[in-house]
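The structure that follows is given in the form of C-alpha cells.
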C-alpha cells in the first residue's frame, strides 16, 4: 500500500494505444492453465498469468472440523490465499498478514455463491491457493485458478468464477495492470470477478481516486476481458479429458 | 511501574490541607455514572471518575464455553479489564499485557464473592470493561462501573462492590490519588474494594513502602471514601428507573 | 549452531592421550543420579552429568486430552525437553525454540520404543524434563534422567534407555564432549541412545563432517560408554529401594 | 436477554417487509438512521470521537507516534487503522486477536481514507529514512446494531479532523503539547448497502444485516470521487445495482458531511 | 498416583480440623513448615537458589543482561520477574505461555522486591538513554505442595543476594568474569495466608489451599515496612484479619530471615 | 477421494510384499523413484527449483537478505531454512505455524547443508558486527507421496546452486540486479531410509512410510563425507542397518548428483 509511485510524467499508453509492455489497453497478459497437478488433492490447478504463478488444490466436501463451525444447511467454503516468501520482491513474512486474510475472506464469499453448497450440508470445502511468483493481479489469478480446481474436484457449481483486475494509470483505463502500472502516481486498482453466464458480480474491490464515469468505462472493459479468461478456463478443463496429464517435464505448465 | 518520579521536594499537601488539584486529603474526584448505555448487553454502565472514563457491559448468565470450564455448582465469573490504545499518554499495545491479566483476575475474584453464583450452575457471567481515558485509579473505576452494570443486568448480588484507591504521596495519606500524586518519589498505591454493607474486603493490593501505622490510617480513610462511592452507584441505578435513558447527546454522561 | 569456533591449532588430546579437562578419550564425565525427587509426580529423577543438571518428572498413564490425540491401540508418549532461561551462557528465551521441539520429538520416539505402550491404550504418558544448568550433551543427559523417572513411575519398559554423545575434536574421536570440545573447528557431535540389552539404536543424530571410518570408531566408543551409564542408572534405581530418600540438604544430589 | 431473540423469525419479517417495498423501521430504502457525533471524548488521545448511527455506537481515538518510515517511502509518514469488535458490543463478539471480520473492516476504512489522498504523508516526514509520524487510528465498537462499517469510517474521519500534532523536542514527543491540528484535504465517507431479496438498501440495521445476501461499500469524497469499493457476503450484485448504489452514496454523503 | 486423590475428601478433613482449632499437619495457625535453602545451584546463572518449604520446591536463577533503558527512566536499570509453573511440579500444571496464575505470582514477587527499593536501579545505568542492566529473575516450580508464592519470593531474594555483576568490556559482557555481587539494601520477604472456614493460617499446604476461600499475601522488610499486598481467591477478608496477618508476617519473617 | 483410502489395508500389502523381498512399486530395496528437477521457477526468488521424486512434489525459493550478524559470529552471514507442509499437498496437512514435523524436516535439511561447510559464511559478511547476508531457504510441499525429506534437501541444494547474489548500493539491495551466483564448495544430498518389517528400503513412498517402524536419514557429500544423521519414528535400527544405509546413500547420491 505504501508502494513507491513512479514519476508523474511517465506515459503509460502511447499515441499508438500501446502500453509499455506492448499490450493494448484491452489486452490481458498470456495465461496458461494446467488441470490436475496435485495427485493427492480432490481437484487442483496450476496457472500462469503473465509472471504470476499460482497453484490451487481443493479438498472436499469433507468433514467440517471443529464441528461447531459446520452448518446443517450447507457446505462451508474455506478459501485460503497465501504467498510464498520468495514470490515477491522483498521476502514476505511466512505468517499470513491482514491482506492475505482479507483476500481469503472475499474470495470465500465469491465461491459460496458459485458452488451449490446446499447440496453438502455439514461439510467443508477447502480451497488452498499458493502464489509462487507475482506481478500484480495475484488475487484474481488465484481465484481463476481455484475455480478450475473446484471444477476438477467434480463439485457442482452454478458457473465457473472468472475475473480480471482493471484499473487506471496515467489517466487511461487499462485492463490487467502489471506491477509497473500499479505503481503509477494516479493508479486505481479494481479486482473484479463474476459468474460469466449471469454476469453476477461476486467479488469487487477498488482503491484509488476514480470518477463515476471512469468506473463505467472500467466495468465495461472488465466484462469483455473476463470473457476471454472464461474461455481459457473451459479449454483447460476440456484438455484434461482429451489427453493424459503429463508429468511436469516442462515445469507443470501447459504451453 | 518504572514511571518517572517527581522531584523530592514537591509538597503534595499544603499547609491548608489542600492538594495540588485543590482537593482535601479525604476528597474523591468527581464521579458521573450512567446506567444502561449498551442496548445489546444484558446490563451496562458508563462511568467517569475524574479524567478516567470506562464503559462496562455484562452478558449472562449464559452458556459457559468451552464446556470443561463450567462448574456444576455455580456460575463462572469472567471479568475482562482492557485499556483502549489511546487511553494512556503513550499508545498502549492492543494486546492485553500482564497488568491487564492480573487486574482481570483479582477483579473476577471480587465478583465471585459479590454475585450469588451458586444460583446459576453451568453458566458463565461475562463482565467486559474498557478504559477509554485514564488518570490513575482505573482498576477501581472499572470495578465500580462493572458492579453497576451487573446490577443493571438483574443478576442477584450480596451487595454492590464499591472501591477506592488510597495511598501516600509526600508523606501524607490521601484518598483517590491522581497520576501526578502516583508519581511521587515515596508514592504508595492501595487499590481496595469492599462489599459496603458487610465491609468485607474483596479486593486489596498495595505497592510502595508503608508502615503498619500508615496502613491503618489509609484503611480508615478508604472505608469513609467508599461510602460516598456506594451512594453514587445506588443513585445512578435508581435514576435509570425514574427517567428514560436519553441518547448520548452529551457524550453518554449524566451531568 | 553458529557458535564461535576455537583456534585451529588447539590440541584437544595431548600425547599422553589426555583431554584438556584431564579425561581420556573414552572417559565419561562424573554422573550423579537421584531417584524420586518430585513427590507429586508418578516418577521422577534428578541427574548431574558434569556441569549439566536436569530434572525429570513423569505423569501417567493418564487420560489423554484432547481426546482425538489418543490411540485405541497404545499409550501416547509426550516428551518435553526444555531449558531454564539461566541454564545457558546467554539468557535463553523462555518460549520453546525449534531445537527444543526437535529434541522433544526424537526423544518421544525413543521412549515409544522403550515403553510397552500397547498395555495402556487411550492414555498418555507425559515425560517432562527441565535443564537447570548445561555444558554440552544435555539432550542425552535429559533422556538418561527421564528413563530413570519412567522406571520410578513403575511403567513397564523393554529396557532402560541409555545414551552418550560421542564426537570428534581436533581430529580425534572422543566420548562425551564438553562445550569447549564441541566448539572445535572440526567438531562433530553424535548424540546416540540405545536399549542397552538389545543394543537397538532408538536415538541417533549427527552434525559435522565425518568419514565412514570415523563413524565406525565413534560408534564403537559410544557403545562402550553407554554400558557405564546404564550401570549408574540401575544403581540409582536400586538405591531408592535400599535407603529412604533424604531431603535435599545437599541440593538434591546423591554424592 | 437479547442473545435469545430468534433471528430466523426477525429475518423473515425483514424479507417480507422488503418484498412489500418497506423497511421494518419505516425508513426509505436509501435513508440513513439518525447520526450522532461527539468529538474529543478522550483527553489522552490526540484526536477522538464517538459516533452513533441509530443504536450502533463506535468510538475512535488517534495517536500520533514517531516511527521509522517504510524503506520504499523514506520521506513519508503513514497511517495504521485497527479495529476491535469489543465483546461489550455484541453477544457474538469475542475477545482475542483481530479476526477476519475486524481485519476486513479496518482495511476498508483504511483504503477509503488513504486512497482519497486526504493526508499528505510527505508532511509527516521528520528526518528522511529514519523518523516520521504514524497516525494510529484505533476503532472500538461499543454497540452493534448494524452497519459498523459506516460508523467506523465516519468516526475515523471526525477523529482525524480533531487530531492535534504533538510537539517535538530533540525528536522526542513533548507530552501534552501540540502545534496545531493535522491537515486533511478531503473528507472521504463510507456508504454501505445491503442486498436483501432483490432490493438494495442503505445503512442496514442489524436485523437487515442478518437478512442480507450481500454487502457493498463505497467510499466517496466531497468532490465526487470514489476511493474504495468492497463487496462482501455470500451473494452477488448486478452491475446496475452497483451503479445505483454509487449514486445514492454520492447523494447521502452530502447530507452526512454537514454534521461533521 | 497422586492425581487420583480425592480432593473433596481431603478438603473436608482440613475444614473439620480448622474448626477444631487444628491443622492436619499439626502446625500452629501461624507456623511455617520447615524451610530448606540451597544457594548457587546453576553455574550458568549469575545467581541462583533452590528453596523448599515443606515439600514445595522452587528454583530461581538470575541473569544480568544489558539492554536499553525505558524512555521514562533513561538513567536506570530494571527488574524482570518471570514464573513458569512447570508441568513437572503438579499434574494440573500445563506447558505453554504464562497463564493468569503464573502472571499474578510473578507480579506479586516483583512488587514485593521492587517497591522495597532494595535495588538501586540508578547504579545499573551503563550509558544514559542507551544501555543499562536488567536483572531477569526466572522462577521455576519443581514441586507444588502449597504456598508457591512465599517459596518463589524467598528463592528470588536469595538468588539476588548471590547474584554477581558481569564484567563489561566495550559495553559487552565478558562471559564468566564478574566484578562482585550486586547490592541489596533490604531483604523483603513474602508471607501468604489462607482463609479457611473463619480462620486464617500462615503458609498453607496444598490441601489447605484447596480448602481456602481466600488468600492474602504481604511482603515485609527487616525494618518493618510493608511493600506489597495481594488479596486473591473467591472469598473475602475482614479488616481485622488483614491487620492480624500483617502482625504475624512481621514476626515470622524475623525467623525466616535468619536462614538466608 | 484419496483421503478415504484405507491405509490399514495398504499397510498390510506393503508389509506382505517386503516380507517377500519385493516393493509394491517393483523397485529394488535400494532404488529411488524417478527424479525430475526444474530450475528457476520463480522470478522474484534469487534462486528456486521444483523437484519431484515420483509424485512427491516440492518447491524451494531462496532470498538473499541483508541482516545483522549473530553476536558470536560478527564477521559471518548465515542460513535460515523453513518448511511449510502446505495443506495443498495432503489431506492431513493443516495451515498454521510450523509443527514438529516441519521443524524436524527444516532442521535436518539445514544441518545437512550447513555442516558440509559448502557455504563460506565469512564471504557473506558485509560490515563486521553490523551487516551480513542471510540466505532464506523456504521449502513448500506441493504433493506428498512419501520422502519429503530427500525432495526438500535436493530442491534446496539445486536452488542454492542457482542463487544469484543481489547487488548492493549504500548497503541497500538494488532490486533485480545481481553480481553473479553464490559459491557452493560441496553439494550435500540427503538419503532417507524406512525400516519396514525387518528390512530397510531407500526413498520410501507414502504407503511405505505408513508401514515403516522407523526412519533414518543421512546427508552425504561428493567427497564421501557424512554431514548429518537423523533417526526418527517409533522403532529402532541395529548398528549394521545404519552402516549399510550409509553405504547405499554414498552409492545412490553419485547417480542423483548427475541430474543436478
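Letters are used for the chains, namely A, B, C, D, E and F, taken in the order the chains are written, and counting of residues starts over at 1 for each.
Everything below uses one rule, namely that a contact is a pair of C-beta atoms (placed from the backbone, for glycine too) under 8 Å apart; a residue touches a chain by one contact, two chains touch by 3 or more.
The structure presented is a predicted model; accordingly, all values stated were derived computationally and were not measured.
Colleague: If you walk touching chains, what's the least steps from chain D to chain F?
Modeller: When the steps are counted carefully, the minimum from chain D to chain F is 2.
Colleague: Identify the chains in contact with chain A as well as chain E, in label order.
Modeller: none
Colleague: If you walk from chain to touching chain, how few steps can bring you from chain E to chain F?
Modeller: 2
Colleague: For the interface formed by A-D, which of the candidate pairs A-F, B-E or C-E is equivalent, sharing more than half of the contact pairs by residue number?
Modeller: B-E
Colleague: What's the distance between the Cα centroids of chain B and chain C, rounded to whole Å?
Modeller: Comparing mean C-alpha positions, chain C is 52 Å from chain B.
Colleague: Could you work out how far the Cα centre of chain C sits from that of chain F, in whole Å?
Modeller: About 27 Å separates the centre of chain C from that of chain F.
Colleague: Could you work out how far the Cα centre of chain B sits from that of chain D, in whole Å?
Modeller: Once rounded, the distance between the two centres reads 31 Å.
Colleague: If I count partner chains per residue in chain C, which residues reach a count of at least 2?
Modeller: Answer for chain C, listing residues that touch two or more other chains: there are none.
Colleague: In graph terms, nodes being chains and edges touches, is this line, ring, star, complete or other?
Modeller: Per interface graph, the chains form a ring.
Colleague: If you go round the ring from chain C to chain F and onward, which chains do you meet, in order?
Modeller: C, F, A, D, B, E
Colleague: Quick one: in the complex, what on chain D touches chain A?
Modeller: Against chain A, the touching part of chain D is residues 70, 72-73, 76, 78, 98, 100, 103-104, 106-107, 110-111, 114-117, 214, 216, 221, 224-239, 242-243, 246-247, 250.
Colleague: Help me check something: in the complex, which residues belonging to chain E touch chain C?
Modeller: By the definition above, chain E touches chain C via 1-3, 36, 38, 41-46, 48, 50, 52, 55, 57, 59, 61-63, 65, 82, 84, 86-91, 95, 97, 136, 138, 140, 142-145, 175-176.
Colleague: Which residues of chain A touch chain D in the complex?
Modeller: Going through chain A, the ones touching chain D are 1-4, 98-99, 101-102, 104-106, 109, 112-113, 190, 195, 199-212, 215-216, 219, 223.
Colleague: Report the residues of chain A in contact with chain F in the complex, numbered from low to high.
Modeller: Touching chain F: residues 37-42, 44, 51, 53, 55-57, 59, 62, 80, 82, 84-89, 91, 94-95, 126, 128, 130, 132-135, 247-252 of chain A.
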